[in-house]
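Two complexes come next, and they have one chain in common, chain A, joined by chain B in the first and chain C in the second.
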Partner chain A sequence: MDKVIPFEHKMSAHCETGTLSSQLAFHGLELSESLIFGIGSGIFFGYFNNSKFPFPTFIVRNKPGQIRKNLTKRLGIKFTSETFKTAEQAQNKLDVLLEKGIPPATQVDFFFMDYLPQYLRVHINVHFINVVGKTNGNYLISDCYYPKIVELKAESLEKGRFAGGSMAPKGFLFYPSFIPKEFDYEKAVRKGIKKACFNMLKIPIPFLGIKGMRKFADHITEWPKLAMDSEDLSHQVSKINILLEDQGTGGAGFRFMYATFLKQAAEILKKPELIDFSKRMMENGDKWREISLKAARMGRDRDLSVEKLKEVGDLIRERADVEELFFKELSKAVK
Partner chain B sequence: MKEKDVISDYKVQKYILYAEKNDGSYGTVEGGSYIIENDLDDFWHKKSHLEKTLRERLLKNEITPVYYFMVLEEMTVAELASRAGIGKGKVKCHLKPGRFHKITLNDLQKYAKVFNIPVANFFQILLTSTDQNPKYHFYHEAETKKDTFQMTQTQTQNPALIITKVEERNNG
Partner chain C sequence: MDESKDLKLRIKQMIVETLNLNDVDPVEIIDDKPLFSGENIITLDSIDGIELIMAIQRNFGVRLDDQNLARNILETVNSMAEFITANIKAS
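The block that comes next holds the complex of A and B.
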């Protein structure tokens, strides 16, 4: 079976929002990535130090898949989604959809995406790609981290879709099945911002939201005890930079993307004061970027004394204070 | 972040960044990664240091091949167990050198699938002249290109059997 669906490929900062944006564009709705991110309350922070991870790590966005669910709730866009028991069923369903001319988005393990450079390919189960056709037994993939549509072996795609492990994809695929004609953007944006504020400030779990940042700031000085040796510690500190900048965040752990969203929100809600919030978020992002650059340099120079780590911790604590105030004021502003 | 501050000369891997554009609006700008541009060599150095440390321990029979690959792929026992479809307790057994010899071919195949390697590589270490392990992508490509020979591994229809081919490099 050979089938190529005319799908407009575009690169984007983040895989989930980018995939959603291009899926909706294919079905005739132009929504920018940043707007999707904002309405889906994507901005977040969490610090994890448990047995699920080999080393303490942090996240800067909400749970994968949550943005899509929030879009459904707030804009009324319906998605058909499905998971499968066996890899065979999953590939069959994919072929059927492609034959019908529907390019679904599917969840895969990053590791098996052969077209990406090897240093990027780590085991992360929550990457989203669009499958837009099939030629010579290879699937055509529109991956928003890659500049063009690219071929991927059927075998690799199958392995990626059935990788197992935490947050296993189980062949998960989705595509928009119903898009309403009119939207209440105002309500959706307001809800998106409110939920983001709630997530950052009020979740009663000590390692999520602002509390997570403080936990991170306190705990980073313990890292030398947890690392195998100094090279390992250096790798882990450099990873702060990768997690904040390189893992598809649009820079500074989504803070720049959120600033862009707030500017759009100011227009939609007709609240000029949000432009000021947007500027503050941009400045906040700059400071996050300073942290990530500092971490990268420390990792490279092996400058990993406890005092240095404490400095990073202090910078993060400062961000926590700034963001706490920011989200408190933001939630009042959109009331 | 201002548009002019975006580092964008890294051609191999482009990223989309959000920044304040020259006209004051906010939007997407094509940029490159700071860490890949400046620290990629260092990244590989750290990876191969990790690989060498683990290999030394493996040669002394302090750890098992399963442990070796698990740490290289930055997985925990729970993650590996879940991915391979093997019980956690059993995986822990396979991490102890004293118990590893009881492993079954069936389990090895499950692990091999997770690590994306042939089963045979649990029992051998393939090295290039620069002392790097070529199969597990923890090598610097430029370094292995110095080798006169290149190694390829092809899976046969027999799941337990692979062909390792060493041939002279054409491009010199």
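The block that comes next holds the complex of A and C.
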């Protein structure tokens, strides 16, 4: 089967929002990545220190798939999604959809996307790509981290879609199946902001939102006791940089993307005061980037004393104070 | 010296100063050779990349917020110059 679907390829800051944006554009709805992120209440923080994780880790956005679910709730856009028991079933379904002219998004392990440079390819099970055709047995991929549509061998795609481990993709695919003709953007944006404020300020779990940031700030000085050796500690501290800057965050732990959203929200809600919130969030992003850089340097230079880790903790605590005030005021501004 | 050459020299000086490459003469950095792959006279890593993103913001008042685009923009002196020129004009 040879099939090339005319799909407009776009690069984006983050794979889930970027894939959603290009999927919706294919079906005639232009919705920017940042607007999707904001309406989907994507901004978040969580610090995890429990037996499920070999070492403490953190997240800077809500869980994968939640942004899509929030779009359904707030804009009425419906998605068809499916996981599969076998790779064969998954490939058959993909081929059927392509034959019908539907280019689905699918979840893959980033590592098997062998069109990307070797140094970028790490095992991350929650990467999203669009499959936009098939030619000579190879699939045509629109990956928002790559500048153009590219061919990928069927076996590489299969390995990516059926990688094992935590958050295994199980061939997961999705595509929009219903897009309303009209939207109440004002209501959706307002709800998206309110839910984000709730998640950051009031979610009743001690390691999520602002509470999670403070937990991270307090706990980071314990990391040397938890690491196997200094090499491991250096790797874990370097990961702070990776999680804030590299892993599909668009930089500074999604804070820049949220700043862009708030600028759009100012227009949609006719609330020019949100422009100031956008600027504050941008400055906040700059400070997260400084933390990221400090951690990266410490990891690289093996400069990992408890005093140095405390400095990072103090900077994170400062961000918690800033974001707590920010989300309290933002919540009042959109009431 | 035309504007473009002047800008490229400023970028090279910024790279050398930001990354403390004291033994590198800025003019020796080649405009169209990748900075991260070992093909230029200097080889940068991802931490250097973040430092350069912040330095571009400080020196030229231009933001580079998208980490994925950053990989392409920081690839060579030429691509940085194109980005800075386009964004200074846009603002």
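Just so we're on the same page, the second predicted complex is superposed on the first by the 335 of 335 C-alpha atoms of A that agree within 3 Å, B and C clash if a C-alpha of one lies under 4 Å from a C-alpha of the other, contacts with A are read in each partner's own complex, and residues count from 1 in each chain.
As a convention for this text, a residue touches a chain if its C-beta (ideal position, glycine included) is under 8 Å from a C-beta of that chain, and two chains touch if they have at least 3 such contacts.
No experiment lies behind these values; they were computed from the predicted model shown.
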| field | Superposition on chain A - do chain B and chain C clash or fit | value | clash
| said: Comparing chain B against chain C, which has contacts with more of the residues in chain A? | reply: B
| query | Given the touch rule stated above, what does A:L293 touch, chain B (first), chain C (second), both, or neither? | reply | both
| query | What is the contact status of A:A168 with respect to chain B (first) and chain C (second): first, second, both, or neither? | reply | first
| request: Name the contact category of A:P54: first (chain B only), second (chain C only), both, or neither. | output: first
| Touch check for A:A252: first (chain B), second (chain C), both, or neither? | both
| message | Just to be sure I read the superposition right, which of the two partners does A:L98 touch: chain B = first, chain C = second, or both, or neither? | response | neither
| After lining up the shared chain so the two structures overlap, which partner does A:R121 touch, if you call chain B first and chain C second: first, second, both or neither? | first
| request: Classify the contacts of A:N241 with the two partner chains as first (chain B alone), second (chain C alone), both, or neither. | output: both
| request: Just name the clashing stretch of chain B against chain C, choosing from 9-17, 81-89 or 153-161. | output: 9-17
| said: Residues of chain A that sit at the chain B interface in one complex and at the chain C interface in the other, please. | reply: 11-13, 144-145, 147, 241, 245-246, 248, 250-252, 256-257, 260, 282, 285-286, 289, 293, 296, 300
| query | Any idea which chain C residues touch chain A in the complex? | reply | 46-47, 50-51, 53-54, 57, 63, 65-70, 72
| field | chain C partner contacts - residues on chain A that touch it in the complex | value | 11-13, 144-145, 147, 241, 245-246, 248-252, 256-257, 260, 282, 285-286, 289-290, 292-293, 296-297, 300
| For the complex, which residues does chain B have touching chain A? | 1, 12-20, 25-28, 30-31, 33-36, 38-40, 42-44, 46-47, 49-50, 53, 71, 73-76, 78-79, 82-85, 113-114, 116, 137
| chain B contact footprint on chain A (complex, rising order) | 11-13, 33-34, 51-55, 111-112, 117-123, 144-145, 147, 159, 163-166, 168, 228-229, 231-232, 234-235, 238, 241-242, 245-246, 248, 250-252, 256-257, 259-260, 263, 278, 282, 285-286, 289, 293, 296, 299-300
